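Have a look at this one before I ask anything.
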Amino acid sequence: MTPQEIAALITERFGSRILESKPDAINPWSAVEPAAILEVSQFLRADDRLSMDHLELLGGVDYKDRIEVVYVLYSMKHRHRYTLKCRLPREAPVIHTVESVWAVANWHEREAYDMFGIVFDGHSDLRRILCPDDWEGYPLRKDYKAPKSYRDMPV
Amino acid sequence: MESIARLLQFIPRYDALPGIVRALLPVLVSCVVIFAALAIAVLFAVWLERKVSAHIQDRLGPMYVGGWHGWAQTLADALKLLLKEDIVPASADRLLYKMAPFIVFLGAFAAFVVVPFGASSFVSDLNIGVLYIVAVGSLSVIGIIMAGWASNNKYSLYGGMRAAAQIISYEIPSTIAIMTVIIPVGSLSMVDIVNAQKGGIQHWFLFRNPFIFLAFIVYFIASLAEVNRTPFDIPEAESELVAGYHTEYSGMRFAFFFLAEYANMFLVASVATTLFLGGWTQIIPASIAPQLVPGPILFFLKVLVIIFLQMWLRWSLPRLRVDQLMYLSWKVLLPISLVLVLSVGWLAVYW
Amino acid sequence: MEVDYSGDVMTLNMGPQHPSTHGVLRLELKTDGEIVADAIPHIGYLHRCFEKHAENVDYPAVVPYTDRMDYCAAMNMELGYVLTVEKLMGIQVNNRVRCIRIIMAELDRIASHLIAAGTYGNDIGSFTPFLWCFRDRETILDLFEETCGARLLYNYNWIGGLMYDLKPGFEKRLIEFIDYFEPQVDKLNTLLSDNYIFIKRTAAVGILSPETAISYGVTGPNLRGSGVKFDVRKDEPYLGYQDIDFEIPVGKGEYGPLGSCWDRYMVRIREVKESCKIIRQAVAQLTPGDVHESIPKRVKPPAGDIYMRTECPRGELGYYIVSDGSLKPYRLKVKSPCFTVMSAFREVSRGTMISDVVAILGSFDIVLGEIDR
Amino acid sequence: MLNYFKNLGLGSVTVLKSMGVAWRHLFTRSVTLQYPTEKWTMPERSRARLFNKIEDCIGCGQCVRACPTNCITIKTEKRGKDEPEIFASDGTAIKLRTLTYDIDMALCCYCGLCTFSCPTHCLTMTGEYEYSVYDKDEHIYHFAKDKLATSKAPKEKVDIA
């Protein structure tokens, strides 16, 4: 399926819950309403025309006014790719987990939580993954200031 | 021991010494002689191991220390280990922890008492020599379990437990394989067994009948497991258990474990030589060529061949898993060795 | 293996300092005797803030940092990044650059798989293959060194071109090496891959079914070991891989269920041979040209985001770059193949033995530098 | 039962095969290089210790900008108008006097980006790789020191003249 077809398909299915679609961009994407992410993911995974069974990448991007969660999806069956984006408020980024759809999302979401402080609702084991458990702040946020020391050790 | 006792007669005023000293001195001296010989042999074996492994792996191995092909490397290493700090973990069981290496070494060392190195160079000719070796040789299990337990380290504990299970399992096929030799000789004395193989290569038990040849292979495999060599080195499997039961040991105590491992190799090689390769007896029958090489040297050479075989195996095979190890012992080696004993017995009765 | 774990469970910490965790990985094993009831991986001991670094340096200066992610296959790491930025900027490279990149990437793949095979032998307890593999890898590193001056962290692929052109006579030495190397693979097979003990240790262990593999985002040789014929080089070609004739080896489950450790290991060994084939073709396609031709004076991609992936030795390596039109990447996110494989580890290793945990970990061929970044 | 013996046979045969390969390797030539006494020749493109030929340095600071790890520190001042014009060996006029040119080799990541950005090619990576030290501060190489001394000397001469 071409990106245009995918975009048309999910817009048709979810209507206004797809906020914006750019299927002609170099990396075709659709912005999804955060509350609908689980439904959209389940549809993308289960639908035979799409069968996006491979979550290639899940990561956050801090756009200073908002935080985006990016889902890059790929279908091993149809060999096509599509990107979903969810825009979250910067103060309290909360979104439902897609762990139940793609098992790999577990670790990716932990990393996004670790780096951006995005809370994934319903995640089975939301702990920091790369930074120490008692690390303060979310390092990849643009306003992050690196601490001078960690447990009395100079950083 | 007799020859040492005879040598001791040359000490001035030997007869004037108290009786207890005269009784104990030959024992002590022979202990020292065996210990020294064993230590040198072990140092040599370690050097050989490094060289064999290096050349199999397209390397050179130690080249500098001592000049010629790094012959003094192991000596230097041993000295270094003796000078190193002896660390005892804070929560270790101190007494057991300190005893363990010596018990492991004791097992290997004490068994050499009955090994006949030459026609008259042996400490004692016990009439139950083989039984003694089997009994004393497995003493090292106790030391290994002690080390594993006392270190208070989970990896050590795993190593100790694995070693216990492994060594005890493999005692059985190895002992049964030894029985194939005892049946035709009819004696448990090591000296008798060697004497039964005198007169050249065709008289060695290895080549006497095919069943004993197979028994030799069974014994060799089982003995590899008994001394924890690859492919059966699961008690100290470095990729799984770090260093197994001697993870926490350092310095001299570690050196003792190391020494014991190689002394054990020598022990099983000596037993294999004595039982299957004719011990110190000549390779070529006296009727064909003059027998120039002294017995002890010949014995040592035969032992070396087996040790080389052990090293060669070690550097070409991967390691087994615990359950596969048990499978090999109980389901492969044990039935085979039982069949072999029955066959040899049948031959002895009806041939 | 169905085991009742009602007995006492002991926690065994494997790592971060452990000989077979391939770096500083910590595995929290819940063991019942030799059986592992649960294996929880803890990562992050080698976290070097690569993504944060990348936001603070220019586009060309990110390349040395990408080298340091997967230090066993640095050439492929930087290739992925460079191709992503080139795609974002719309730079076309000439044929010579393309062929040299293929040659270098495949040589690096061989070198990386040699490490994988060698250390895997070491994990299983056979030390000799390790040094045989390193001996041959050394020759590859020599080739790299004479071309770009570094042995491990190359910084050779630049945005729009290459650091240096090949030295005269490189092709000849390369073909000589390939001729020498191909029989060595068979030797390795005799020594290790076909060894019965090795097969017994690996063939029925660590089964990763195709469905689990895809769900966990497992890629590369690990996915192909599960029998899924998927290779980015063929399925989403870059660098003109579509014109090169090579096979995608997949696990066939010769000695047990499909997707075992042995399958994954064997896919790598077979891939090495395919890489030799690719190198021969790429050398034949080499044409004269200037490798600095399309290097831009200033790397300033247009605003936008892009995701691109390449097939690196450990799986598909994806770069997600958000550019705001400045000289520095606004956001750079790496999809690391080892990271996703590692998340499947817990699933695979449940109910195995301690020795199997080591075997499974080795068969995944992880590099902690890439997991932790 | 048949399977049992088949496995036994397969096991023995493959073990013997492995041993055979290992045996042949006992007698192949080893690849070891006896390092401190034998050394390999470094290819001319080797990237090891940085070297700055300070006489050619125009103090432009391109290298500082190119460096991903900020291991180069450079401090310059404008040369006086009355000072004689000096040129780098490729003919570029040197307008700045380099007061400090320090490279911290402990921070260097050996990427070589600085050498490519250098307009006069005075900053190069040499093949020198044996420079371990006991104190990590000794890894900071001060290239400008000599220049300072020499640049002061002519000034005095000018005064006298």
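Which chain is which? They are A, B, C and D, in the order written, and residues in each are numbered from 1.
Methods note: contacts are C-beta pairs under 8 Å (C-beta built on N, C-alpha and C of every residue); 3 or more make two chains touch, one makes a residue touch a chain.
Since the model is a prediction, treat every value here as computed from it, not as a measurement.
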item	value
Given chain C and chain D, the chains that contact each of them	B
Chain pair, B-D or A-C, that carries the greater number of C-beta contacts	A-C
Of all other chains, the one whose Cα centre sits farthest from chain A	B
Rounded Å distance between chain B and chain D, as computed from the means of their C-alpha atoms	53
Distance between the centres, which are taken as Cα means, of chain D and chain A, whole angstrom	42
Geometric centre distance via CA averages, chain B-chain A, whole Å	63
Rounded Å distance between chain A and chain C, as computed from the means of their C-alpha atoms	25
Numbers and ranges of chain C residues touching at least 2 other chains	128, 132, 135, 191-192, 195, 197
Sites on chain B at which at least two other chains make contact	56-59, 315-317
Residues of chain A touching at least two other chains	none
Graph class of chain-chain contacts, one of line, ring, star, complete, other	other
Touching pairs - complete list by chain label	A-C, B-C, B-D, C-D
Residues of chain B defined as touching chain C within the complex	53, 56-59, 154-155, 158, 230-231, 233-234, 237-242, 315-324
Contact set on chain D toward chain B in their complex	8, 15, 18-19, 21-23, 25-32, 34
Chain D-touching residues of chain C, taken from the complex the two chains share	53, 57-58, 60-65, 67-68, 128, 132, 135, 138, 145-150, 153, 155, 163-164, 167, 187, 190-192, 194-197
Contacting residues of chain C [partner chain A, same complex]	43-44, 47, 49, 51-52, 55, 87-88, 212, 214-217, 228, 230, 235-236, 304-307, 309, 316, 318, 320, 322, 330-331, 333, 335, 339-340, 342-344, 347, 372-373
Of all residues in chain D, those that touch chain C in their complex	7, 10-11, 13-15, 17-18, 20-22, 25, 31, 43, 45-47, 65-68, 109-113, 116, 125
